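Below are structures written as structure tokens.
Each of the next two complexes has subunit A plus one more chain, namely subunit B in the first and subunit C in the second.
After this line comes the complex of A and B, so read on.
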């Protein structure tokens, strides 16, 4: 058999300086190359700039941004062998996955709590959504004012734990007909249940127990007919035929992390740079922009998981069926391809859209910051008039008015001296936010 | 060794990280598990970070026991994996290659290339037989003289050595001390592979470098780049050889200089799949796979076997008395401390195992280490006993895993993906060891040179990685 001579001895060098091919040798007849091998050549990816263990390390828990930058700039679709997942880190890539629900599925929190039998998430039923919207619009200012009144009895207040963490739980308690006496226990159980979606077996166990306690609690409430006098999410759900387990499933999937984390991070960002704070407090509109910028600059929920429904080629890689994709908002929101000077917290950012984005995360031709959970932007191009506003807008308005009330009813808010404040996750994969933000304030 | 300079740098970093993890999971005495808490029913919990901890690497078996007894299928959410740990479950999965497939999702494909590891069914069988047929039966018997010759040559190097010219060979008080890895086990399996492949002698030192780089690149880690580059170099080199051998095949010779058969590269050059000759890229992939499978694994088997036998002198003397006991010792070593920890599989359908729901396409780690120590199959599994009655140590089974009421160990896997190098690796270890046992009089382990366990007295456990250095002494 006659064999061809090597055609081209010049080296072909890949992105990271890896020599991909030195010659274009191929044998006659069989040009067979599997996709994997072809992919290795074309993507030319080697991953010497980061070790996958870095992505579950302690330093990542405190400051994930340097590692995320390495991923975004070098390995936009990084195969993490250790945690068996793919990291997607560029803005346009991340949003393209979110809008592609034909190929990538979202798994409900029941899956992560390993409580598939828990019940049905009724959070997207129209009556429940309306009840939620009404509560956020009407109850927020009352609950916030009352909370601030309580806080003002102390000279020093921890805005992270006493304000940002408590407020969403209080509003949630209101929506589910939980009385003031029950609310602290409710908040505790709710918080434990949310943490149960973690990978840590102790938290999982605790979370399942908390879910059971909540189930008993709500089943008792429904049995005694308490909900009949109410007009809130709970009553709306029961009217639709919900049982205790459905209420708990809905609660589990309605998480508080965006509001809690965004409020905490917003105040963290403002208090650590007084000139920005000055600008943000100047008007309610500026405060709203500061809130939006917070979700972009330091999103509390760093990433969302999507699972490939079928084998699919994306970003120059063959992504297998069932693969877990970590879509990183932390990295995408600081993508210099989209935002100028992305590390900078700029209150009135010109290159970010300033209203609720509809359709592909953009509005008015500008990109929005990516935020998850309650703040999920609608991916539908338009919303019919007989529907409530998107959760993104509702939560934004609630958070901004709560912050506005805090600013108006107090004066001289400033960080306690000699306090170092920082953002962190409690365990890898949890909310990235500020857990300690002591301030001194006076009634204004 | 300038090529390896930057590995040293990285390992500094890794060291720091290891120290950090040490604090999370303290080192325990061999056989005891660190208490990670229990749930209300008293069931022990497993913190998935243990799988990255140094404690786990040196002392994995107590943790596998917890998994087997309490979580036969453990959903590790941190590593997004389902760990399967019982013998019966694993064998069932291995035999069902439709339900538990091997399509490429691992890191090996970048380095090894396109191999049959990732195929199933007929496609897999066809490719596996391309070279697998040269490693078994009559073809293997033909190669045994060559293997013996090689072992002789290497062992001669340090048994007849007059002057000390190596840091790994020292003479004291009429006894000679050697490090078995450096003088024999590291080199021997790779030399055998080179020989049966028909790799030119002059490029064998380069071959070690490729081998090492490709092995360290398999993990898809920071050394992945080295692996990919080494594979490319190997491919360039192999394509030259292939061009020549397509026209003029080369042969293996017996001790008298008569040709026995063509070497594997020459055989592959004339092999057709679907009517096409294999490309040099495919031949490289097959070579890479044979090398990857035949190096470190056989090395580990030889080292572990000698370490275990010498630490059980009564069994060692039985082996010396009756040569056929070497086979038993080989199989019991692979059961007790094998070099391969397990194999990944992906479930093709949504399934439920032991009450755990596993969505289609999930990564399932079949832990062969754990299956080998499953006391549902092997009585008193932590004990090394070459005469155990429940381990099958006869002629290797090509299908099935049990015969005469005894079960095989899992070091070679079972089912359609059973290691095609099992037979030759067996021959290498046994032939090499037989020759060594005749040349070394009264061998003993130099325990003073071996690493110690945390109590500072007992020898360090073998754990997941096989014995790294084995210091032996014997009469001159």
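After this line comes the complex of A and C, so read on.
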């Protein structure tokens, strides 16, 4: 006789046994509260469990999760006097900030690079978006196959630097009409320009120089009319009247970090857990789930900044106008209020949204992993016919396709023995990813 | 403020500001800031830095552009609940409320009211010196510098003298609580709460039955019919203990440090001339003041040196750097109590003096100019001249000294040596 399971009051379970929500909204704030303020500032609150210097330390650069857990579980809106910011670390709090354009603003990368002469970011123009979607969908397979063919000539390959880091740049080069001969230099300049948005003034200076070099490069390209024979992002932009400075501004605000970091972290997670790898490689769907779980479990972009547009009370604190909020994906994506066993990399996780969230960070009643660089969830309730898919979906599909091709073209991908691999940020605040992942590859 | 073109120099890694190296010797970085980055955007700490004398001076004077308060002073909030001192004027920015509170108390520390306290400062200094004068050696910080100010303050407030050691513990914890580390905040809040419990009955008593002491005066002082509330009095007493106690303690220690180690050749002059201690005080406040930085928040976009500080940005005014600006002082890195380009007399909030000389920035300038400036100067000069008169052939016990340093970034506090032992003939 089948025994009816006792109802767990802490969970709300939907059809097919999927956990829809951990609990009803309760006084501890585990529910979804976008604009709700749940407590006033607490007199005498102390933060002795953490020192702000921990959040900029070397150990944080390698493994930020223990410190983030302290923040999330004890000080969900932590006033960091050292870095002059507020750390927001719970899932519901982070997503509520992202959904609140009226009170919190995003600043573009132009603001951080502070380079002179940059133009307009044309990344949201429809023709550019269509060109991008077309390139990712049509070029990814070809570029990946060619890259793997080259890699197979070596006995040992570093998947982090030779594959994950190179592929997005090669696709980008294709989209901007950069020839094979120019692509290495282009990739170098692009990488330097992106790092120029860092807090490090030396990187910033180098980034500005790289932006100028790219500006000269694209101005020359446009002048020579090369783009006229092309059908890509560059030609789409020039058709809209773009100058070199607009192309560079668009490039600056183009994300490569998520594809690079997610690919690297996906392969890191799979290769360090052979059983998970077996499961992930069993089908393309499983590989897609492993990719989504990677963005949740080990997001390459650990946090995103938002700035308070006005003095506002949130999460029991009075946040002053102009305050910088560090919205932490690393902490929010491991919030036990949202995900079961959040520290675990689970390929077919059942309490996470398995498709692109629309209009909010949840779909099907489930939370999604927050991946900032992919942008906020599409505001469209369904994919309209006259618009391309969101970057979230495009990058996901491209990354999964590329990984699938790598799996199909090779056999026995294994980590080199005696190699210690780990995730880290190059400097505090930069991408948290695997920078060294040596494997032996054999053609399949 | 200057609009000159600045030649960019080597970039400064903003992590240097958290280093022990900077806490100990910030002056090479200050020079780099002044010369090559007079407006420095420190993205690592999310703030801007001004370091040249006239830029710091200009920001202090410009209340319309630079606000002291993080929050809007007219917001519907309970101020001070999270501040380690409790509600106090530091939280009220440039508002009318700040002016009201300041006007109530500011008059208590200048003019005749200050003169009334002078004999007591003399007496307390002598009493403290009596304790060690026969030993031939004094650790200046613990046996002298930390003993005088707190006794002066508790005496001014009319508090029981047997509790003075407790006040020292409280003010040290209150000051540490201003730092970044949470455990220091907890210590500070505990000290504040203990002090409030201690002082509450005294406030009630003196509000209805005032005496001649400062606490009675503050409880009953009125400006346009307005008195301080009980919480405001408590917040002010915490501020007075911490800001008036610790800063003067460190000032006295630093004055002796510089004469013992930085300019021993000027020690003889200071020993033979009691009036010169006012110069020692002024030069110490220029050369390496107790407080090196003040924070402000911009109220509008500030164009400066071909850059723009955005609205509501945090700005550090490095008065420690401004004081060493070659644009304001000759040979700024030389400690010289006879310097002829520094206003050595009493400071004022305008920072402009009839002798045409520049003043030090150590007390700030403008609306938030240190209220206790005259008290600190008198107290330091009197205590030091008393000690100088009593000791024979004073000399450092250790020929090598680790020097003055700021405390670690986790705790609040002021610059001073950790230990300063002086020997003298009995």
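Everything below uses one rule, namely that the second predicted complex is superposed on the first by the 390 of 444 C-alpha atoms of A that agree within 3 Å, B and C clash if a C-alpha of one lies under 4 Å from a C-alpha of the other, contacts with A are read in each partner's own complex, and residues count from 1 in each chain.
Basically, a residue touches a chain if its C-beta (ideal position, glycine included) is under 8 Å from a C-beta of that chain, and two chains touch if they have at least 3 such contacts.
Predicted model only: the values in this text are computed from it and were never measured.
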### Message
Once chain A of both complexes is superposed, is A:231 in touch with subunit B (first), subunit C (second), both, or neither?
### Response
neither
### Task
For A:201, decide between first (touching subunit B), second (touching subunit C), both and neither.
both
### Task
Based on the superposed arrangement, let me know which partner A:321 touches: subunit B (first), subunit C (second), both, or neither?
both
### Query
Between subunit B (first) and subunit C (second), which, if any, makes contact with A:149: first, second, both or neither?
neither
### Message
Applying the document's definition of touch, where does A:344 land relative to subunit B and subunit C: first, second, both, or neither?
### Response
neither
### Query
Touching A:51, do we find subunit B (first), subunit C (second), both, or neither?
both
### Query
Is the number of subunit A residues in contact higher for subunit B or for subunit C?
B
### Those residues of subunit A which subunit B touches in one complex and subunit C touches in the other
46-53, 56, 81-85, 112, 114, 198-202, 205, 320-322, 324, 428
### Query
Okay, in this complex, where on subunit A does subunit B touch?
1, 3, 6, 16, 18-23, 25-34, 36-37, 40, 46-53, 56-58, 79, 81-85, 112, 114, 116, 198-202, 205, 307-308, 320-324, 428
### Query
Touching subunit C in the complex: which residues of subunit A?
41, 43-53, 56, 80-85, 112, 114, 198-202, 205, 311, 318, 320-322, 324, 428
### Query
Any idea which subunit B residues touch subunit A in the complex?
17, 20, 36-37, 39-40, 45-49, 52, 75-81, 103-107, 109-110, 113-114, 118, 219-225, 228-229, 232, 236, 239, 242-243, 246-247, 273, 276-282, 285, 346, 357, 359-363
#### Entry: subunit C residues touching subunit A - in the complex, by the definition given at the top
11-15, 18, 41, 43-47, 70-72, 75, 77-78, 81-82, 180-183, 185-186, 189, 193, 297, 310-314, 409-410
